[in-house]
């Protein structure tokens, strides 16, 4: 059988299973990620729920707007369905060597398109079966799958928001298959990222119809999931722009608004990406906080951007400030539930050797492991909790309590304040707090 | 009487009433704004509803973060309440010379603060009475007033979102007075711009409490307006940042979400500013469109930013592309209702002579007048309407109609598309549309 | 012969030769570009020296970082060298239909690479011969050619600035061939754009060696051009970033500094692109002005960016403000000499039909034609010249003249000013000037 | 005597001399800055050469574009010259409590202006004498002084680049006094930051004359310094924009170009600021590297910006990545010579209590101390040196050596490469390098 013929593993021949070895001068060891170490009442592995992104790691080739493929991938000696199979082999080899519990994919990452959707789905089925076999004999689970509805030229004007009803229909059929796949593989979530659900110019755009259609599409997805008994969490991933001029799911606040307006907020949570946050002008922790306070923080695309560049660089996350503040929000959220930390990150185009894939994941996993420990300790020590309790204490008594409990109005407040000569504020102490954050990051 | 003693008008001695004179090589004539010219079924003046911003034009002194006041203002020979009165005189002189029908102010623009709010309100009352007299004998009306809850140090941590309940109380009393003022002067709207309603760092911020308090505050305002019978429109003005790191009313979509979440959307519309749009990464026309399709486009702060600079430059609007596309949205909205085009714009710090104030308003009024004419003609000729009708025609029949009417689902759509070999799209024609826009702008 | 077999022209069947027809409601007519119309002492065609960019128009396929090719190109039914030949046919058909006098190309636009550089050069020779024949029987000339040293993976770390000396050698040999080509085809200029001449991270970069090598490379090019008698102008094109994190030729000022430091400023001028200017945080007119005052304004890549997006969108130029201010600098420079206005612009990915290529060029040509007329009239009327003469008049006499003529020093200046009580400045009048600019744009 | 009457110290009553106490849970102790600890062959204090910025710490009041002063400063109970004197007292108290060896000031920070420059200089002299006395009895030295030529309205159009020759004269006289002051107080450097040396709009600007005048001005300064025997280092500080639309000394590369073009590069080095780097689209370490490889790295304005905000936030530096990479460049430069790390940083407007000033400096000093230790260890271990040596090894032999030694040309390089089938590159290993950087930062 083809599978047997493809048994060309290992693809990462020079790499053994990566283990924790703190002080090591060894690029192929974890320095901070110690999977079984308890942090509070869970292990690091349980907290972090790492996931490998199939597209960046097994499908991407290093192409950029000015350059051709650079990536050297041992599986690239195959083509067509053989290539698709070889990638599965390579993927599970990498999952195992990194000991990551999850992975995620778009439909088109794992199998090539055919002439019709029917043929495409047949290709998919072959690979899904193969993946299922691998999953059955490993500890790796599917964090989420999604439908790529932005690469093929048919989606040039969008998918659910295309001006062309045939494209809407195609997208619907594609997500239907995606939900079947999710159920088949036991995906914990199903994700929507609307790469071209937006517009290029308002001059030719019926914005209202497009938004309505987007909502119609999502309701159909919810209905179908219910019908087939898929119980995973629906997630929607905001991004403000790129590839489009404007993308409807701009940021957490905008996406939450969309969900509420169209009655979808009981069915969806957010999958938040660091680089998408910065493209929207927000910090990553801001987006996580907004989702958290709305009870809609679902999952995370773990990466980082370069805030001096204006596009989605999707770098592996190595900034400890960012991983610490992200883990802070996640711990405060009681974890991510069915979500996880999916490395929606790609090695740089110039990091084209296979071993870079391993080293990049180690870099990201270590950065989040350290962030987890720091954040946990900060919470344990009530560092910011105490600051906030003290800072807002005026709302716990007197006029403040009346405000919060709805017993105040403009009359009572005016009467209270109109003859007071001065109001005393207290410093926000931002510099002290940043210094304490440094101390925790460096000393934990 | 003080008023009499202050009769030092004219302050703009060298300027006569500005009139329309198309080809004029005269900086003090309108080239495009012809107030009584009919555009469709309304005059230019009725369409445009221009308003002068009291703060930029009568109060601002040219200070910037690196520089002291530069503005030469004939009224600056006065101080205290005399200065406040002189500004009223100068203001009505300018309104009349420009023949603008509206103006707008913050409470602190028109009168200085006293030791207590009671004293401050007394100062206010003096000037409000004076303004009322001037309004009674002129054709100028109050487009909106608002409360400045960001300049005084008491608002260092915000107003309704302050961590200090006393500040919330002060702000409440201040808006109470603002609503009384609005009723007294017959304001067509009342505006909220939350200059410091946001945060500087999440490390010390209880985001959820602050958002809840902001909503509580607005509900109190709605209740009080009802109580006193103020029937003007409430408006809220989005801005993403500056002066704060993050401002809660980030952009149109975020603000609409906030209004809906807290049940305020029946009481508020949006006051949208061009420069705030670009600071949020959006075009002005995008923000107008978003508000329009939600039925929440209330009024406009007419200015422009410099997209290569990262702060609110509040320039007078002179970009005809922007004024045209703004007027397009406004005309499509059926006008602004009780709203208007308020010049939230300041002369450059280096344009410090009084006559620059006149010339800057002429520049802005001409730019919007031209934009109005162009937009009207584009709509009359159905330029973009025809493009859009044609582009989305697939939703008017067959499978598209089924989608829009809710008769489709993932099964029917899959069946429809699964064996189709190719989907045909049509070009979006952006280049042609931009060329046509140029033709309209240059030839109308 | 292959060429005969390829005679499948016309590729733009539905398009006739585009002619000037001002009021036309016809997307395929020029509204402002009237080639033979005299503007001052030259025709529009002589002033504007339009050039078509081979890569965007005949080679680009609409790929973007998230999407596959969309462009429908009649010549894409061919492959390999046949495709290369078909593109030449299509190119000259389009040049003729648009009546553009120039074109420009990278070596890899016109012919595919072979296994070795020798084979690649043989492919090139075939197409160069074909192009030469077409040029001989048309009025189209080569504005410039250049070497694509950024697409192939060998250039992953740069070309002249690669850490790999073999890559430097390859690049050298490639430019050698490029200069031979330039001489063969009578190119008016030869361009360097260092797409990957920069770095991704300083952590692994020897910045000094890379800059030195870049200069060594350019001196070799100058030497070789002298040797073969190529007398065209060398041009270097600044861009701050993208695809790299940092590109050495950041902007006009930085590139001029590089040229001066390494003694190259007598051999090179600048080829300035609008979108690269905005990516560097500058206006297009700023970059043109900087080059102009240094006597180094060579040529222009005519396009425009979207300042709300952070990447090189390379849109066709339609903003009349930008084309007017660009033409102002160019006219003030006495024209572009051997340079021209090369449309380094691509139709949007969604404008995928062949006719969009024609319409986009018309849009750009019209925008620059209008800009030319407006700028010419502004100069003729001395609008800004008079403003500047008056504004700086204090340097034409007294203490100012002493300063400019080098007769002042800190002693004389202190003595002059130390007891003066106040210095009187005059308004910069920015608002008036912008209003006048509008009047010229709309009324010329 | 007034000085005696002002002896109201301590102004920072609650603060003792700050000492090093690593694990302390005490905001008023250094956690990483241990002044006498040897790092290589120098103490931390000798390496870091910390300087307090007079303006942000003793003069700034917390004003921002939307808000009034918030800062609570014990010395603000004085006015006029008494205030100026009280600030000196407070300054030296703070210098001593933080044990910083340097400070820096603008002329207008330390004394108020009079009616004429003569009067202003008399005010200055009084305070300079007082400062001199304090310096004589302390270990604090003047890192640099400079002239504030941007705040007063006379500089509305610039100083040396003003369109008004009287302003040029005033600025000259002001810098003359500044150089006298520098000599008097033994300043180690004299700085130029051209806050308004740029333009607001090209429409009214003679860019060439302004650049020439700027160079004339600096040559006069060089001449005068020579005349009076001031031997400190001249420094120029780049910034791209703010307050102006465009500032001539945009970034390191542009400023070096200016210095070279006008023959000033032997007299000036650069004073580089982190936040100015990011406003120009560069990393701080990029600017330092550029200056270093040109031998022009003079001094540092130590702060940090917020790359998601578009203005100069001048935050105290707390990002360990930035301080590490900055110290790496500084150590590689062999230190800063006569320069130092000057905290051109301000406490947030909401950090308005005096103790915030102390805590903010501690935060910055600790961040740089840690950065120093990390950078020193990285250099000691040759972490990046080894990477770079290996990466560029091809230039140390064979064809690479020929290139570097000037023995190669296009002929020899073509011959070498033309028949080679493939060029082998090696990964840039960015992810590994970032992970190693994390390890050093966290473990040193």
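By written order: A, B, C and D. Residues from 1 in each chain.
Assume contacts are C-beta pairs under 8 Å (C-beta built on N, C-alpha and C of every residue); 3 or more make two chains touch, one makes a residue touch a chain.
Chains and their UniProt names: A, B, C, D = Xylose isomerase.
Predicted model, so just to flag it, every value in this text is computed and none were measured.
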| item | value |
| --- | --- |
| Between B-C and A-B, the pair joined by more C-beta contacts | A-B |
| Homomeric contact chain C-chain D: same or different residue positions, threshold half | same |
| Between chain B and chain C, centroid-to-centroid distance (C-alpha), Å | 39 |
| Between chain A and chain B, centroid-to-centroid distance (C-alpha), Å | 37 |
| Chain C: positions in contact with at least two other chains | 153, 156-157, 200, 241, 281-283, 308, 348, 350, 352, 425-426, 428-430, 434, 437 |
| Partner chain B, residues of chain D touching it in the complex | 62, 64-70, 150-153, 155-157, 195-196, 200, 241-243, 245, 279, 306, 308-312, 348-350, 352 |
| Parts of chain C lying in touch with chain D, wherever the complex brings them together | 115-118, 121, 153-154, 156-157, 162-170, 172-173, 175-177, 200-209, 211-213, 216, 220-221, 223-224, 240-241, 246, 250-251, 253-254, 256-257, 260-261, 280-283, 285-286, 289-290, 293, 325, 384, 387-388, 391-392, 394-395, 398-400, 403-404, 406, 408-411, 413-414, 416-426, 428-430, 433-434, 437 |
| Touching residues on chain B, where the partner in the complex is chain C | 23, 27, 31-32, 278, 281-283, 307-308, 316, 318-321, 347-348, 350-353, 355-356, 359-360, 362-363, 366-367, 370, 425-432, 434-439, 441-443 |
